[in-house]
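Look at the two complexes coming up: chain A is in both, with chain B in one and chain C in the other.
Right after this comes the complex of A and B.
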């Protein structure tokens, strides 16, 4: 239990360090950084490398945004196996649809309930 | 005569000023010289931009009340801000019903508006003219970087956009008021700096050029001034400016006395990163602290240099560099 928590913390933290370095040293915008991490997750899964990382680090690999890229590839490959090439298009959002729907739904609820405040350091 | 240096023989007088600021600015080291604070950065309006507009109107009204001048007697309003198409200034001008020209020199607008208002007064075309600028944190952050709700990170070289508006009322030579003696219009200088979170460094060369030209054009030295203050170079830009001026051959002990409103604005509080910036930064400090020092005769001659980075979000996305400018005004009190 404790060792899996520690591994999740280290691996998840390292993924975030990569993101922070992209912004601080690479001078990339947050949007660029996010996109790069998603694409990296998708490519890693294409080489069957992301699943072993999840087995190893658990939430440390599933919580960061790289996991979203992993899910995109996962869904595309799974559907492609069932339905051929068209499955690449239909499968991509099959696994990820819950995440996307949740983002839209909670985004809407947040926008309805809250009024943004200013920054007060 | 040196390039861009103007002398005002009729000595247009700054007879009153109005400075209003937002809630965060209560922490400013200059806060005790401001006229009014809002507890809400939107000034109790529906939107940030409306609050921005209200602050500009209020600052103008306060200046008029202090001088006991009616809106109808003011011939010109020179104003600008950092929001797209300068709607806060434009809309404030619609409320105030004073003939108006919008000016954009980014964060240097406080001084460029004073220069134009002084010229109109010098030419005899203006009995009273209002001049100033403002900025509002949330609307300017959204305009140039990210909406504050997005919570984007900023590096330590970034600066904090001030929520404040400052306006002065300029009239034909009058006794017992600080007068605008001379001014220098800034060149636009581009040393290929491209980081929009590091503007102090980009603006320092423009400030250096304007100060050097002003002193040469007026036949002065740094030591002829009781105070030389730049607008918003911040804690990183100010040392760069000092280094450049020393390289220009200016006396080191005089250069060390140069101050920057942005670097001092929020004191040593590190949550404000490299200090304050925004059109409201120079406007609120120059038109409160500096004028007060002159009015109380604690200072006789001040050079106020407002610095501005002339970028747009589009030019940053297109990887263009950030051209900068600095406008200077020499104010004295007899």
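Right after this comes the complex of A and C.
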């Protein structure tokens, strides 16, 4: 258990360092950085490279935003395998619905209970 | 002291943003968030019969719930100022951008304000994620149909 916690820490931290380097050296805005990471995750899954990273690092690979791109591609490919062309479109959110639905739901609840004092960094 | 001297003095006194230091902070905070995620994953595997593969979804939902509390109480903003990409890259950063937009635009009403602006910041991630996934899956489907690659 301890070793998987350490792996999650190291791999998750390293993905964040890549993001920080894109921001500091690449002079990109956070939005551009996150967009690049999501696209990178989607492409890595196309080569079947992201799932091994999850097996290896657990939450270190599923918590960073790259995992969102991976899940989108994963759902699309899984459905394409079953249903061909149509599956590419319909399978997209098959795996990764929880992140978006949780964000919308908790965003709504947050708006109901909290008042604005400039929460965004 | 004239303006030029002042500029020079200000530049020599203000702290230089160190890339190494920023990366270290991002590594630490990002690593800690992922470690918390791993602990939540263990919790779901042990008590709710999830497997390593299926525990990811409830973990993400739980961690976004925690983000809502931190965002609402204004703590996440402070973490973000310290950690940079360390708090932006994990899914908590995605949650924070959605939740903070929802809270901030509440004054404009729930339909036009909250509903209309909730994906103002996170929208580009979803749009480009979906587009990239579509292209990747389509290319792979074509390659497999041609017999060049395997699923």
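Here is the rule we go by: the second predicted complex is superposed on the first by the 117 of 121 C-alpha atoms of A that agree within 3 Å, B and C clash if a C-alpha of one lies under 4 Å from a C-alpha of the other, contacts with A are read in each partner's own complex, and residues count from 1 in each chain.
Basically, a residue touches a chain if its C-beta (ideal position, glycine included) is under 8 Å from a C-beta of that chain, and two chains touch if they have at least 3 such contacts.
Everything numeric here is computed off the predicted structure, so don't read it as measured data.
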Between chain B and chain C, which makes contact with more of the residues in chain A? C
Looking at A:27 after the superposition, I want to know if it touches chain B, chain C, both of them or none. Which is it: first, second, both, neither? first
Is A:113 touching anything from chain B or chain C once the two structures are fitted on A? First, second, both or neither. second
Let me test your reading of the model: by the given contact rule, A:85 touches which partner, first (chain B), second (chain C), both or neither? second
Chain A residues where the chain B and chain C footprints coincide 23-24, 30, 116, 118-121
Listed in rising order, the residues of chain A that touch chain B in the complex are 23-24, 27, 30, 116, 118-121
For chain C, which residues are in contact with chain A within the complex? 17, 19, 22-23, 25-35, 37-42, 52, 56-61, 63-65, 67-68, 71-74, 76-77, 80-81, 83-104, 106-107, 110, 114, 118, 121-122, 124-126, 128-130, 132-134, 136-141, 151
Per the touch rule above, chain B residues touching chain A in the complex are 22-24, 41-42, 137-138, 141, 146-150, 152-153, 155, 160, 195, 269, 271-272
Spell out the part of chain A that touches chain C in their complex, as residue ranges. 1, 4-5, 8-17, 19-25, 30-31, 33-35, 37-39, 41-43, 45-46, 54-55, 58-60, 62-65, 67-69, 72-73, 75-77, 80-81, 84-85, 88-89, 91-92, 97-104, 106-111, 113-121
